[in-house]
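Should a chain be cited, it is by its letter among A, B, C and D, assigned in written order, with residues numbered from 1 in that chain.
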Amino acid sequence: MTPRTSPLGVVVVGYGYWGPNIVRNVMERPELELIALCERDPAQVRRFEARTPGVPSSDDFDALLADPRVDAVCIATPPRTHYALARKALEAGKHVLVEKPLATAVEDAEALVDLAERKELVLMPGHTFLYSPPVNKIHDLITSGELGEIYFVTSSRMNLGLYQADGVVCDLAPHDLSILLYWLDRRVASVSAAGCTVFDPDVAETAFLTLRFEDGPSANVQVSWLAPRKVRQMIIVGSRKMVQYDDTMPDGAVRIYDRGLDMEVVQEPANFGEHRLTYRSGDIVAPRIDAAEPLSLELADFANSILTGARPRSHSRLGLEIVRVLAAAEASLAGSGEPVVISREGTLVSKAAPLGPDTRAA
Amino acid sequence: MTPRTSPLGVVVVGYGYWGPNIVRNVMERPELELIALCERDPAQVRRFEARTPGVPSSDDFDALLADPRVDAVCIATPPRTHYALARKALEAGKHVLVEKPLATAVEDAEALVDLAERKELVLMPGHTFLYSPPVNKIHDLITSGELGEIYFVTSSRMNLGLYQADGVVCDLAPHDLSILLYWLDRRVASVSAAGCTVFDPDVAETAFLTLRFEDGPSANVQVSWLAPRKVRQMIIVGSRKMVQYDDTMPDGAVRIYDRGLDMEVVQEPANFGEHRLTYRSGDIVAPRIDAAEPLSLELADFANSILTGARPRSHSRLGLEIVRVLAAAEASLAGSGEPVVISREGTLVSKAAPLGPDTRAA
Amino acid sequence: MTPRTSPLGVVVVGYGYWGPNIVRNVMERPELELIALCERDPAQVRRFEARTPGVPSSDDFDALLADPRVDAVCIATPPRTHYALARKALEAGKHVLVEKPLATAVEDAEALVDLAERKELVLMPGHTFLYSPPVNKIHDLITSGELGEIYFVTSSRMNLGLYQADGVVCDLAPHDLSILLYWLDRRVASVSAAGCTVFDPDVAETAFLTLRFEDGPSANVQVSWLAPRKVRQMIIVGSRKMVQYDDTMPDGAVRIYDRGLDMEVVQEPANFGEHRLTYRSGDIVAPRIDAAEPLSLELADFANSILTGARPRSHSRLGLEIVRVLAAAEASLAGSGEPVVISREGTLVSKAAPLGPDTRAA
Amino acid sequence: MTPRTSPLGVVVVGYGYWGPNIVRNVMERPELELIALCERDPAQVRRFEARTPGVPSSDDFDALLADPRVDAVCIATPPRTHYALARKALEAGKHVLVEKPLATAVEDAEALVDLAERKELVLMPGHTFLYSPPVNKIHDLITSGELGEIYFVTSSRMNLGLYQADGVVCDLAPHDLSILLYWLDRRVASVSAAGCTVFDPDVAETAFLTLRFEDGPSANVQVSWLAPRKVRQMIIVGSRKMVQYDDTMPDGAVRIYDRGLDMEVVQEPANFGEHRLTYRSGDIVAPRIDAAEPLSLELADFANSILTGARPRSHSRLGLEIVRVLAAAEASLAGSGEPVVISREGTLVSKAAPLGPDTRAA
């Protein structure tokens, strides 16, 4: 591609919870120009107009796709609508940034990835946490070896949440999965999940996932819409250091514990011999992390990917893998919580029988 | 039994991590009199003598059991020794308080319970958390209905821990299980567990347990010896209120959130219909909780049980059920993490085959 | 005044730290319409234009004041410029909202108050904390008598701060003073102040103020630009309950402690008689506080005051009193820290000699 | 002095709040041997006997002083009794550890220091914080220059406190003063104080002290018995780094902020020129601090001082200076809060007139 001087024309689809943030950041990024908002709800349109006089809105997605000034589409609508909207945009030759998850069914996500690759268009799932400065600080600590071998990760992501028909796993777990896949840089080998349903027997509002990654590390993920207190905590335990990541901490989201255990054979009390771990005691450090708005960095990566052809950090195959893990988690949930294995080829297998894509609790 | 005026004579066995606390509390309780310490390790004996001049110690457990002044024995030794020591003491006609878990194998725990019942002696597992004022405050909130129906509980119990041959599940999970069984007052229907092993492939230092209780609630329990930060947090989510219990909070271990969700059908934006939960917003209360040392209350309950025949709060059948759940968790751990069902009769069944007591990862 | 249907025309002056927030809120409030921004700095003008296409900006304040569509002016420039800009606007017949403090010299503030009263225009100092929901919750607790008699208040307001030629007292203490005067609803009788100067001997970056209010309560206020950690904490101690207000707490800014002391004569150990206070122990409550943006509420009060003639909560005489207390504090700072008395008539008297307005460390 | 093999004989006087801790630590230190407790209150004596069978108690202080096995006396009685008890013990040729403050009047403290020096006996005030590992960690940071020049210190020490006839300044401020004098290692040049009295007009339960140290640094100290929440926080701001010390923090009492400000002349917006401080942003470190019981270290220093003649860290002239600063604070409190200057010779001078020792609010 050749360098271009004018900004990329962008349409934002949906002005609900997340859309206004995309609109604001598109307006502030010099590489992008907001051509229009696509939104059907008149109340949302009025909110948009009060804040952004002079930018048009429309409810006619097809007409906007036909506009040659539009280079790219940012989709911020509910998960179930992602596939249809993203396919239309790709078919119209537009680059696509679509909110997580990429799609709600594995075969839909696969179809989108294929379509984008065939048409040489950017298809980027909006895994915004991959652009969060604390997440990247921890990524650096892991890839530089400072934490040593990673043993396990726990994650709790809970709050009083907006009920969505796609369930809490589809709503919250993509955050944890994107972070875990980015940090650990290896595929998920199996997932087991147990959930609680209170309001609708088909839709879990709380779920506990246990993930096994290839070559070792495991993770326990708690997601819930029912918790009264906002919890955003991950603990990463490595052989050399350990890290706590908590976005709600007023005084630094990341804490590095230079503490740990070493195995030692100790001469124990005569009556009962025992091994013992010895403690390495050290400082706790809350590293300096430069403030930056992740969504602005994500949009910069999207623009860069369109302009240079580079793969964005939050790329379509990562988005597809997350959809597969979500499907495995929901298959385990729909069963009795047994582990569901994800093969290297991406097929799901439970203890009982191979799982086809149709086994997902839709 | 008839009222007695002289205090009950007690022998404490083991002066390692927990024994000194038992010794101190036995000395301060008027119903109890410390006859002697039983300890083989000379270093521990010297520590004991410096602090408690005038109380004898001995390494001859049999001789102490033969002493008619001894009414009861408090056993604070490693888990693997509990069964043999407790059996000897019961056979000698002594009441027994034994640290948790009651035993490391189900059949051993069953044998102890049978023996104590046959000999009409008190056999009390030391589930000290059942005497913790915050745990009892939450028990009151649950049994009074203030929290409503309990949906789920999460628990994290992590710190840099002393390695023990019996594994982290045996070491830490009894705390969570005793609290959960006490609060929820119903049996565990199934357990699945995944673990991480770092130092010894046969001994998990970290484990994630998912429990399903009869008639509904589920629980996710994270236990680890590898975490750099002490974590002691339980979240109890009910239909009316929710509670956070965190022993490390400087300003009150219990917080009651008068917040929650109600289901509502909301007329959503025209383009995609949706249900919605509405939030009930309310105060957060850290209730006044009177300070009291749980171990002192536990010893008072032990003495009362010996003197009056009343069942102690931490009773032998509770201790036995905890040993069964531990065995189920370790069976799941030793397998591939599939749920292990505990029948009403106490037998363990995995998806694959019934599990005998010999399947425990010893 | 008669009801009007069209929104009030507003000019915002200054687009530095606070101006963008005023611009955004003016645009979102239906009673107000942003006519233009007044700003000389081209970089700031560019920031404004990127965010708000379609609203003009100008560096000609006089021309904007001559525009008949302009009903009101919001001044968000450095403190030393407040007097001249506000006077011009009032003389042009415009209502004025001016950032705190109203002016940097007592006689300037007095002149502005006189001018606005003569011309029957609203002159409102921007003490935004008076519109903060937590501050109002505590105001309710005090005026309803729930806290009992107020004994004292401590306040710490510290962070790494932007150096300003007017000093930290002028920059940060107006927040504390506005809150204290609003809560305690009585005048400050005397002020003593001690400060630290590091970078410029004439400008304190840290100051400790001790205030005595009429009829009793006292307050200790710590303000600093040199503190590495953001501290925003006030403690209000009353005879019945006590309150902590901390804007940095993730889980509720206000905590009510239903705890306290009662005096009691206790029969003490024979060797030394003593009185004793007994503790009233009770719950800690973090009350539900509805979220609202204080600046939006402040602008609504400004609009309402213009339209109805009602006195705004943050009124000009409150702003004047704050300027007087600041002058007293700076007189004490410029001396040796002795208390400076503020008479009922508003004159300042130190131990040594009456202080004229010229004694202020300008 | 010659090395001795037998432990030093110790009498502890008073078994109220602090005495039991001294008794326990004397029993555990090998250099010391508890000869007896001196206590008149029968209830306290019974508590002592239950915990320490085999150690005698007595209410006859003179008889205990006559016992040649007694080398030293530890006095843990109310402040007003310190002078008479310590004088008796010194006159009997015993070394003395006396709880803070050394005495309640300057001339009494001077007399004790003189007497001990004349008789070549150790007189050690019990400023236990000087043996606290976090306090010593910060002392190291200051003396090594790591914090740079110290600008100021704030301290808040508040909780619901036991009322004492000597007032809150006498009860709590000695902690802050001992820490400040130890850290800053220079004398207090002046003190101003304002207080609140609620229950007894002659006894402040809350006080705000502002201290100026020689050559620069100042400190603001808030002490109160009326605060519902336990506050133990000191902030030390230096030119290079800043430290927060908070004993109630679960995750490390000391936090070092590698952040700060540098002065810079910045080309500001054309309309109003301004200087600006630039921020140095850096990590926050909670350094590893080895756990140790301060009182045990204090008793070791006392024993070492008796055996070797070395000056203890908490030495008598430090104790005397603290009594002088307390007297200055109370003189300011008894007046109208004006600064009271402490001369190099230790005399107190207010703005109005020199203060004799009789001006203390007794």
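Here, contacts are C-beta pairs under 8 Å (C-beta built on N, C-alpha and C of every residue); 3 or more make two chains touch, one makes a residue touch a chain.
Which protein is which chain? UniProt says A, B, C, D = Gfo/Idh/MocA family oxidoreductase.
In this text, all values refer to a predicted model and were calculated from it rather than measured experimentally.
Chemist: How many hops, at fewest, get you from chain B to chain D via touching chains?
Modeler: Between chain B and chain D, the shortest chain-hopping route counts 1.
Chemist: Taking each chain's centre as the mean of its C-alpha atoms, give the chain farthest from chain A.
Modeler: Looking at centroid distances, D is the chain farthest away.
Chemist: Applying the document's contact definition, name the chain pair with more C-beta pairs in contact, A-D or C-D.
Modeler: Result of the comparison of A-D and C-D: C-D.
Chemist: Starting from the mean Cα coordinates of chain C and chain D, work out the distance between those two points in Å.
Modeler: 37
Chemist: How many Å are there between the centre of chain A and the centre of chain C, using C-alpha atoms for each centre?
Modeler: Averaging C-alpha atoms per chain gives centres 42 Å apart.
Chemist: Which whole number of Å gives the spacing of the CA centres of chain A and chain D?
Modeler: Computed value for the inter-centroid distance: 53 Å.
Chemist: Two-or-more-chain contact residues of chain C, please, as numbers and ranges.
Modeler: 229, 251, 255
Chemist: Going by the contact rule at the top, pick out the chain C residues touching chain A in the complex.
Modeler: 27-28, 50-55, 229-230, 248-251
Chemist: Can you list the chain B residues touching chain C in their complex?
Modeler: 251-252, 255, 258, 281-288, 290
Chemist: Using the touch definition from the top, list the residues of chain C that touch chain D in their complex.
Modeler: Going through chain C, the ones touching chain D are 16, 40-41, 43-44, 59, 77-78, 80-81, 151-152, 154, 156, 158, 160-165, 190, 192, 194-196, 198-200, 206, 208, 210, 212, 217-218, 220, 222, 224-229, 231, 235, 237, 239, 241-242, 244, 255, 257, 259-261, 263, 269-272, 274-277, 279, 336-339, 351.
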